[in-house]
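Notes follow once the structure below has been shown.
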Amino acid sequence: MILEKIKSEGVAHLSYMIIDGNMAAVIDPRRDIDVYLDLAWQQGANISHVFETHRNEDYVVGSQALAQATGARVFHGQGGKVEHAEPVKEGQQFEIGKARLSVLETPGHTFDSISLVLADTTFSDDPIAVFTGDTLFIGDVGRTDFYPDRREEMGAKLYDSIFNKLLPLGDGVQLYPAHGAGSVCGSGMADREFSTLGYERRNNPMLQLERDEFIKTKSEEHHYQPPYFRKMEELNDKAPGGRALPQVKAASPQQFAELVETGMLVLDLRTPEAFCGAHVPQSLALPSDVLPGYIGWLVSYDDELGLVTDDPASLEDELRGLYRLGYENVVAYLVPGTTAWEASGEDYATIPTLSAGALKKRIDDREDFVLLDVRTLEEYESAHIAQARHLYLGHLPDQMDELPRDKPIVTFCGSGKRAAVAAALLRRQGFSRVENCLGSMSAYQNLGYATTTE
Amino acid sequence: MILEKIKSEGVAHLSYMIIDGNMAAVIDPRRDIDVYLDLAWQQGANISHVFETHRNEDYVVGSQALAQATGARVFHGQGGKVEHAEPVKEGQQFEIGKARLSVLETPGHTFDSISLVLADTTFSDDPIAVFTGDTLFIGDVGRTDFYPDRREEMGAKLYDSIFNKLLPLGDGVQLYPAHGAGSVCGSGMADREFSTLGYERRNNPMLQLERDEFIKTKSEEHHYQPPYFRKMEELNDKAPGGRALPQVKAASPQQFAELVETGMLVLDLRTPEAFCGAHVPQSLALPSDVLPGYIGWLVSYDDELGLVTDDPASLEDELRGLYRLGYENVVAYLVPGTTAWEASGEDYATIPTLSAGALKKRIDDREDFVLLDVRTLEEYESAHIAQARHLYLGHLPDQMDELPRDKPIVTFCGSGKRAAVAAALLRRQGFSRVENCLGSMSAYQNLGYATTTE
Amino acid sequence: MILEKIKSEGVAHLSYMIIDGNMAAVIDPRRDIDVYLDLAWQQGANISHVFETHRNEDYVVGSQALAQATGARVFHGQGGKVEHAEPVKEGQQFEIGKARLSVLETPGHTFDSISLVLADTTFSDDPIAVFTGDTLFIGDVGRTDFYPDRREEMGAKLYDSIFNKLLPLGDGVQLYPAHGAGSVCGSGMADREFSTLGYERRNNPMLQLERDEFIKTKSEEHHYQPPYFRKMEELNDKAPGGRALPQVKAASPQQFAELVETGMLVLDLRTPEAFCGAHVPQSLALPSDVLPGYIGWLVSYDDELGLVTDDPASLEDELRGLYRLGYENVVAYLVPGTTAWEASGEDYATIPTLSAGALKKRIDDREDFVLLDVRTLEEYESAHIAQARHLYLGHLPDQMDELPRDKPIVTFCGSGKRAAVAAALLRRQGFSRVENCLGSMSAYQNLGYATTTE
Amino acid sequence: MILEKIKSEGVAHLSYMIIDGNMAAVIDPRRDIDVYLDLAWQQGANISHVFETHRNEDYVVGSQALAQATGARVFHGQGGKVEHAEPVKEGQQFEIGKARLSVLETPGHTFDSISLVLADTTFSDDPIAVFTGDTLFIGDVGRTDFYPDRREEMGAKLYDSIFNKLLPLGDGVQLYPAHGAGSVCGSGMADREFSTLGYERRNNPMLQLERDEFIKTKSEEHHYQPPYFRKMEELNDKAPGGRALPQVKAASPQQFAELVETGMLVLDLRTPEAFCGAHVPQSLALPSDVLPGYIGWLVSYDDELGLVTDDPASLEDELRGLYRLGYENVVAYLVPGTTAWEASGEDYATIPTLSAGALKKRIDDREDFVLLDVRTLEEYESAHIAQARHLYLGHLPDQMDELPRDKPIVTFCGSGKRAAVAAALLRRQGFSRVENCLGSMSAYQNLGYATTTE
């Protein structure tokens, strides 16, 4: 029996494949399904079952694509409006060779959430592992904010799912959730992708709470929901069929400039240092590891997109990442890169940077400027610079008007990456005196400067 | 924190790498260490610690090679005569970033056996996983036959190590042993490479026994010890330094034939069907998946070896496999393959095959022949054909004289693979009327023919 | 400027990609086009032009698939009935960055054959290379037998194309044909994939002939045209669009046996030795390197196919090879392999083998048997055993009735591979006394036995 | 017969492997020899011969390493002081299966230069290709400046080697030189890696000159010889044996900073944009594609080196590149990258950039600043800005004192890459008012601004 974890970097999504004999099941497949087909191939197995732990909102699911390619059946919990899957309910069992998957209804994150319990029937009916979707993570639990009016209800459901359904499976059951650290689906996840119910029972901070306290905490938690991710929910109600990655035009600087003229939005996926050093004017900085969490706030599905990355080898990964999030309209990428753009004579822009030390000095000197902290409210509340003005990066496009245009603005985040995005957004809207604090809060704290939680 | 399992197919050896921050530890490295160096590279980490769970007898350990390449320190339990490692004792702790490894002395398989307990100190001091070496496997426990006079003592030690040291760590602790199914280090291992102490406590057949029963069972267990594997113990007392895989001559049929003339032993790594179809005369059949368990019985470390495989892409894997077992004197391989040998005009040999159905008919017809069952005693005792004569494949070279030369011999095993090896051995010694029962016991039973356990 | 040769093993087909700046052209693409897309990607180029040197008859062209994926235009010579391409005529030029491709009409192999002349306009208008399709090969020239009534005319056209169009380009022009050694499109090709017009002018045996002699030789040449390859001509008149490789069921022995029951034809792609050793009854031996040249004679496009190969890693390559030849209806492959088939208790068949030495002895002993030589007429005429009966492998299915069923038949070819195919065909039709001469003519001659050309 | 070209990017070095039957020869192997061993392996061949076309000065040769690994013999022309090779002279022949390599003495670039003529003896003794080392390139000829006092003599020898030895081989001979475009061994090479003697005879600009003119041109050519590359000549007189790539420490920002403290020189291999955006103070910018041509001027073999690259996947390639140039003392690389450095609170530096348009405005405004053009003399003379001061990048460390410390300096090159290196060098020496003109001459000309050749 083979259990393979397939990780999609960026969205930090975890899907799983269980193979026994010549049968295979996939849990929560991503949209670019070649990885599952290849694994089945290598193992001499046929994918016959696909399970969705819930209707996902943060990536586009590959169930339908996988079903089309393999003839597999797709299963989903009850209570949703998913059209492409057969509904399953508590207690249903599926045999994948000697592996048995049993359905456990575990609502809370959504109404249709299920967990799948794995048994190795060669040995016994005892559970050996459980796939918990977005119900229970390693070090955290699922979000309960998708039904704003019913947060208490959802929190209670989640508690009961965990305490009455999952934990009773026993301490010795391995835990396989749908996300790892870095996901927008939880902020407290461990930077470790293996655990057991027993370890979580004792060490997951949320599982140390009493029921009331748990519900209260979940109800008061602050979460963000990127507006464009609504499309993913719609997509996942049907699940798109398979298609190849889009072919993207390799555009010379001149061709790229012409596309920019006609309205193409440039996404600059390079590092913040490179972006600050020089970039195509009006482009939006979206460093690769920032993109998955923020593109849904900043980029419409209707925009035509052009990519800038100086590493052509990464391009396929970048396109895959966008594709998993439902962004398919990438029309061009700049070749051979930024230096060619500059050498072509096209204009380029830069963003001045500011170190944490220089920032401290400005504060001490009482200079007149806006220190714009674009981190999440949670981060901000845990520690911030007293003078900072908080405005979450995802809200910046809509609330930018609140910022003064006649003062210098220093963008600030955890390390300087999101600050680069913020700086790019401000520059796109005509703010001219923008600086990026590379290093940001991490450097500020490492240098021992005072912060506050007020 | 990253925990990576590195599997060496063939010997079914499992080594592990724990990475956190820019530090890394390796547990029980194999001799071709590039896989660890590559992983460290990809993760931006330095290998600083190498642990051996015990002095291995079934593969050559790569500790010394890894230490030379990286400057890492090597650690080993007390009580052995290992020269290249620092001794560690119960309770010693090592911090690999936020990962903590603690030593647990768990003798029984050997005197120097240790287990390593992993904690994620970001969360707590609780154990999250344990690396048990050859003490506790998934579905089985370690062998206790290496000190023939002290088997009861070793069995008792093993029981106490498991019940007093390992299981008390808690049900929710993940179990990472040094071997998976297919290893010569245990016959009852699960065909599944993930488990927990809790699952084993309830489902591992050996852990259901009372202490006395456990010791008795272990004392009475029958195991084989390939004679040439003694060299691995010697090698592992010092651990060889790193060296490249041997360069092997690509030999045309004529060149290969000349080497055979001068005494080179030909190992034919192809399938039993291909071997039976045609092979270089006097060659020894050793299908890739049979080789690790039997080469130590059949091939001296002093022999010069020539390889036959019709898949050049597999050659590196084959050489790696031999290298891990300490066989470095491969001098040539046949190119471009067996058909070229035949086309060159060199003579070739064949082995007639016999299906299970035809075998049954011969038995029913009371024909006069020897049915030679070369499986392990354990397999033989669990079910065999009444007329079969048992002679373990590993013992065949020494006990061949007991077989009649004037009668047809049908070799027989589980599927026909080891039977092909036996047929090759007999043919090398001049037995001329040898047939291989392809399908063997598996086919015999699937066809519903009667077997016995007498 | 980059010129990349993409070789499809098996059919020994050569396609080419020319890249300059961010533009790219492909000449004679194969049907699985990912290799071209990947190259374009790596080089930051867009495929804008696709050229077909003629309407191919031995593989399915990927022009249409590539056009669909990239928006490229497809070009083809005049005089055919190709629907998916724009016609081009002598002298037309295409600029791929600084690379210029000019059309040369070079009929002879077909009426629509063109060659494409490459110039590097950075330096001059001088030709630097020419892509000759099936007009001129390295060491041979194209076939002229596709219009049986007009062979003299086609031979004359070919001569004139070579001598009046190609060679005048100059000695220093590199030659890039559409096939290399091993193709069914010519038997005299060099086992070397680089040459120049100057080298061919002096060393290509066919170019040493006078015009009349050339035409006569071409008219009298004997070629075979596999009947099922007609479908490829039809396919290539339209060029199929892109689609993924078929998903093929991994079938256990029992499942495979059930499919065989319902009429699935088993193609055994293993070595002849393995096939002779044991195979699924009624299966057709088609060793990988024999398949491309003979499947068109032996396997209908309407057959449902099941594959046997003991190397799962090769399966994708095998499917690609079949796909390139238009065979898409592979429904299953046997897992985990032949040994599992035998172990399942299913019946298996074998083919006795005979060495060249044993064959000679039988001939000397005047035993009564048929020595069936299935090589091409050309091979047979160049040297054969006096007693052999010639019957080309491709004709065997239709002419098998001429063979006596009451005598032993020894199949014979160049090395024993095609003889294995012949043996399989005979066994499928109930010939029971069939033996395969592994080694065949190559061994026979290497042993110094007499052959004749009578 | 297989002819494989192995390109080492960076130094733009071309080595070749000829394989026929199970024999193989390598011409001018690079130091990391795994690529040759892998190819031999895949083809079932033994490397028996290694040829050096001359004693190289721009990369470390792998002959000795390859000989040690395979037992191959190494051959080198006469007249040098190479110790590890057997001398060969005009007319000597070597048979690699059916491939024949014949020695042609072709001095001029060096005294010991040879070319190797390839014949395919299956067809004839005619030459089919020639490996010309640094004697004749595609679009250029070799340098003749290594013996400054004897440049006319060397020029004459080179002319005679080309016109009396190489070109007489015939137009139809393929040309395989030891370098492609981008090498420091010639500036006029074609951006195309295939040609023939016939094409060069007509199109290579240097081959259009009369003998006297040729010698004069070569004598007057200006070339640079990086001082540290002398070590490569010494190394290549003996050829180092094989060893693994150095293991390099993955250093956290803090560890990296400590190493910088103790004198480690930081090489920043990122793009100029990223370097200008933010970098470790005192680091030397050496973008990957600039490094091979300039490191020999700027970095001593005695320096301990630390690398900064934000693409960990490229690290092995970077180390290989340095290793090929003889730089083995890389002690650390920064993980996980520059942003982590900034976030750690360590100080970072930036370089202001200046577009070509802004530069033009400053010139028009007659601002007081130094425009420092660091291109080669040849580039400078072909076109430069009237106000520019020329100082070759390689000479900058020694001649920096000539520059005023009290004025702003704008560094300038072809595109902004070498200008970034110059800016880094100046900043390391305390020049504080340094700006980098990203885009540089390419942008300046593309914008239509006036340049001069005076």
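Note that the chains take the letters A, B, C and D in the order they are written out, and that residue 1 is the start of every chain.
We take it that contacts are C-beta pairs under 8 Å (C-beta built on N, C-alpha and C of every residue); 3 or more make two chains touch, one makes a residue touch a chain.
Predicted model only: the values in this text are computed from it and were never measured.
Enquirer: A-C versus A-B: which interface comes out with more C-beta contact pairs?
Expert: A-B
Enquirer: If more than half of the interface residue numbers appear on both sides, call it same; otherwise different. Which is it for chain C and chain D?
Expert: Interface between chain C and chain D is built from largely the same residues.
Enquirer: Averaged over CA atoms, how far is the centre of chain A from the centre of chain B? Could you give it in whole Å?
Expert: 43
Enquirer: Using the average of all C-alpha atoms in each chain as its centre, how far is it in Å between chain A and chain C?
Expert: Using C-alpha averages as centres, the distance is 49 Å.
Enquirer: Show the residues in chain C shared as contacts by 2 or more other chains, in ascending order.
Expert: Within chain C, the residues that touch at least two other chains are 313.
Enquirer: In the complex of these two chains, what residues of chain A are touching chain B?
Expert: Listed in rising order, the residues are 1-3, 120, 122-124, 126, 128-129, 139, 170-174, 190-203.
Enquirer: Per the contact definition, I'd like the list of chain D residues that touch chain A in the complex.
Expert: Against chain A, chain D makes touches at 270-279, 310-311, 313, 337-340, 342-345, 347-348, 350, 353, 355-357, 414-417, 438-440, 442-447.
Enquirer: In their shared complex, at which residues does chain D touch chain B?
Expert: Against chain B, chain D makes touches at 21-22, 37, 40-42, 44-46, 69-71, 244, 247, 249-252, 255, 312-313, 315-316, 333, 335-336.
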